[in-house]
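Pasting a structure here, questions to come.
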Amino acid sequence: MFKIMRKYALLYGMFIKNCLIAQMEFRGNFMMSLLVESVYLLAKLLYVLVVFRTDLHVDGIPPEGLLLFIGMHTVVTGIYVGLFFTNFTKIPEYIKDGSLDLMLTKPVSLQFMASLRYVDLALPIPDILVGFVMVGIGWHAMDIPLTFLQLMGFFLLLLVSVVITYCLMIIPALLSFWFVQTGSVSEIAHSVWDANNFPMAIYPAWVRRIGTFVIPLFLITNFGPMFLLGQLSWLYAGLALAGSLLLFTAVRLLWKQAVKGYSSASS
Amino acid sequence: MNRHRLYMAVFSMGIQHSMEYRFHFFLGLLGAAFPILVQYFIWTAVYQHSGQTALFSYSYGQIILYTILAGLVSKLIATQFEHQIADDIKNGGLNKYLIKPMSYFGYRLVSFFGQKAIYYGITALLLIAIIWLASARDVLDVQAVRLILFAFTLWGALLLNFLIAYCICASAFYLQEISYFFVITSLLVNILSGGMFPLEIFGESVVKALQYTPFPYTIYFPVNVLSGKTEAAAMYQGLLIQCGWILVFFWLSRLTWRVSMKKYSAVGG
Amino acid sequence: MDFIRVRELHKSFVYYRKEAGLKNSLKNLFARKSLVKEAVKSVSFDIGPGECVGFLGPNGAGKTTTLKMLSGILYPTSGEADVLGYVPWERKNEFKRQFSIVMGQKNQLWWDLPASESIYLNKCIYDVEDDLYRRSLAELSEMLDVQELLNVQVRRLSLGERMKMELIAALIHRPRLLYLDEPTIGLDFPSQKKVREFLKYYNEQFGATILLTSHYMKDVEDLCKRTIIINKGSLLYDGDLHKINDLFGEQKIIKLRFSEPVAEQRLAKFGKIVSSDDYYAVLELPKYRLKEVSRAVLDSFPIVDWTIEDMPIEESISMLYRKELVGEFVG
């Protein structure tokens, strides 16, 4: 078990190193990626502008406190575009051009190879930077004590967010095992993604329930800040962790099913 | 006569193309619906909390109407040909058109309108539903003049947005890696056109400054003509300015392309 | 003991026919016409250790599908296979570590990186020991004469050089079994030759078993003592490529050149006319008629020049494709 973990950690390290070398090859593209993500970030910051200009309070949380949520969303978006986005757009290509065939013959997990091979080191920089700044401002403004326990809880829930992000956003890519055109599905997934830009308290109760229990989208950005604001107990944090692992197992099974179909239906 | 038939053929090819991707278009509409929904909830929270009847000079109903209309219009006027043009420039596809009895500009314009014809119809249907709903709820005071002017400015917006995008495409003659560039410009143009939020959120002075740019005349202006936020006099003035911008960009696109084309032929692409 | 044992392997898949037009697209939405294609039909063979076997067949014959089943990429519809003591489509890691597959049309090397990076990644994936890795890399790159190119980005390499790198990446873990799918496709003649020589050397030096598909006969002819010919999913021939002519009772070819025009119909009674114009004709006939026909032809026509040849192997193979007599010629 330990040996396998070490092998995968080693491989992931090589993936990162490879991607770094390749990205440094095209410095122009690197700068362009930075710029693109910055413009997207700018569009998101428009929401911040609206929040502050209207002095919006949600559930009694002042604009500075809302930065915790918007910042968390921005951080997770950065992690998503850095670790997963490139891979998830490539999975349909692997299926179409048959690169998946070669990966199937390697003695490592196919899901690992196909969904984590590429790491983008330019895209996440503006998001993660600005996101953490926003979280920091919110943290300070809401007088949240900076203790080890608080930090640990926050980073645990950030981990939960990353796992859920992986599980939810890979679904459009998984659909490409069955359907040819999935571009518009991932487009929809990306527009749903931005529903997380605000605390879920602004949505009606039924939307909140769907977003928490059916498609646990709201867990991604809400639980971290809610924990910091004292609205979430450790019990719920633990439940969220368990839920995310359950979700991961489900996605794992779905993946295996998809690959099984691929192996029996194609020639 | 022959010329006319040729353009008709390209136009109908555009229509067929859009028919092929109609499924994509409907999913795209669904995709556009989500940000509108999210904004709807945000604005609802904002107005509930502030307790004021008007923010940024918009009433609650007006801002929701603006959000929906701006979402629809930006979907309608969106251009998707940037990559094809860049491809034509980079891989020598342009040469085909240099020898045809049809200008590249004409081809792109006619095929763009062909592709948009059906969407224009669908958007019109959706708009009728929205206008009817809005007037039933007393958010919108429907006036025939405004409807007619809106229809006009919407065509104008389509044309203007086409011309702006076409000008931007000329940069493919000079830039190596172009796909990122288009993402940035289209998003920025959308923001400055009021596609995400009404321009008033940037403050009075920014709105004033933007009035001197072409961008508000693609989304912000047509939407406000319909919603009644634009004064009657400003409406006609705006229409004239929109026409002016169209002429300017028409001239600008010819100029940039002529200059770039010279370079292209000189290199012998 | 057999290395590879294949019994009654069968692969069919369903595909949908789409008719053009809006009306038909709507119809397809509700009731799609599904058709079954039999890609591989009850194929059986055994391959021993160290053998080098070539799969020959036209495009779409089922060569690649067979190879994919033997490497575990695809599940068969029915039938059995035992490769190195494993069922390939169970995809055990112990099995995967012992073979390698190279596809001429797909690359596993990353374009923007030097090949050495991708090769090193494979070393980690296959858990190759450090010193074995160093030794293999040195050996393979020397054999292929590409030591200098290992640290050059793959996209700067020529097609032939890229193929050599693919081979090193595929062989770095010293597989006992190597599958090659069209390894020389698109390569220029010297590169083709170099790749063939290398594979031959690798096969002899390390005793590795090689299974190769190609539609270039030359690949198979040079490398493999044994050839399996497949067409339309069925196995047509299994044996030495050079003995394939025996199947057709040793046909011979006579080429004739005339000094005056000769009408085609006058030649018909002497054998099958392969080609002819007024001054030139090619006839195909069984060996036993050779003497009689030669004499008759020389007597009755104004011959300037004439030759007698064996039937070319390509000709025999395409005759085999045309016959489609399943199982008839399996030797």
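Order as written gives the chain letters A, B and C; numbering starts at 1 within each chain.
What we mean here is this: a contact is a pair of C-beta atoms (placed from the backbone, for glycine too) under 8 Å apart; a residue touches a chain by one contact, two chains touch by 3 or more.
Keep in mind that what you see is a predicted model, and the values were worked out from it rather than measured.
K.L.:
So how do the chains connect up here, line, ring, star, complete, or something else (other)?
P.N.:
If you draw each chain as a dot and join those that touch, you get an open line.
K.L.:
By C-alpha centroid distance to the whole-protein centroid, which chain wins?
P.N.:
When every chain is reduced to its C-alpha mean, the one closest to the whole-protein mean is A.
K.L.:
Please flag the chain sitting at the greatest distance from subunit B, going by CA centroids.
P.N.:
C
K.L.:
Cα centroid separation between subunit A and subunit C, in whole Å?
P.N.:
Measuring from centre to centre gives 46 Å for this pair.
K.L.:
What whole-Å value do you get for the distance between subunit B and subunit C if each is reduced to the mean of its CA atoms?
P.N.:
55
K.L.:
Let me have the rounded angstrom distance from the C-alpha centre of subunit A over to the C-alpha centre of subunit B, please.
P.N.:
31
K.L.:
Give me the residue numbers in subunit A that touch at least two other chains, ranges are fine.
P.N.:
Subunit A, residues with two or more chain partners: 26.
K.L.:
Send over the residues of subunit C in touch with two or more other chains.
P.N.:
Correct list: empty.
K.L.:
Give the list of subunit A residues in touch with subunit C in this complex.
P.N.:
Within the complex, subunit A contacts subunit C at residues 7, 10-11, 14, 18, 21-22, 25-26, 97-99, 101-102, 104-108, 260, 263-267.
K.L.:
What residues of subunit A sit close enough to touch subunit B in their complex?
P.N.:
Within the complex, subunit A contacts subunit B at residues 26, 28-29, 32-33, 35-36, 39-40, 42-43, 46-47, 49-50, 53-58, 181, 183-185, 187-188, 190-192, 194-195, 197-198, 202-204, 207.
K.L.:
Would you pull the subunit B residues touching subunit A in the complex into a rising list?
P.N.:
Residues of subunit B touching subunit A: 23-24, 27-28, 30-32, 34-35, 37-38, 41-42, 44-46, 49-50, 55-56, 176-177, 180-181, 183-184, 187-188, 191, 196-197, 201-202.
K.L.:
Which residues of subunit C touch subunit A in the complex?
P.N.:
Going through subunit C, the ones touching subunit A are 11, 13-14, 37, 39, 65, 68, 71-75, 77, 89, 91, 93, 96-97, 99-101, 103, 106, 108, 110, 112-113, 117, 120-121, 124-127, 153.
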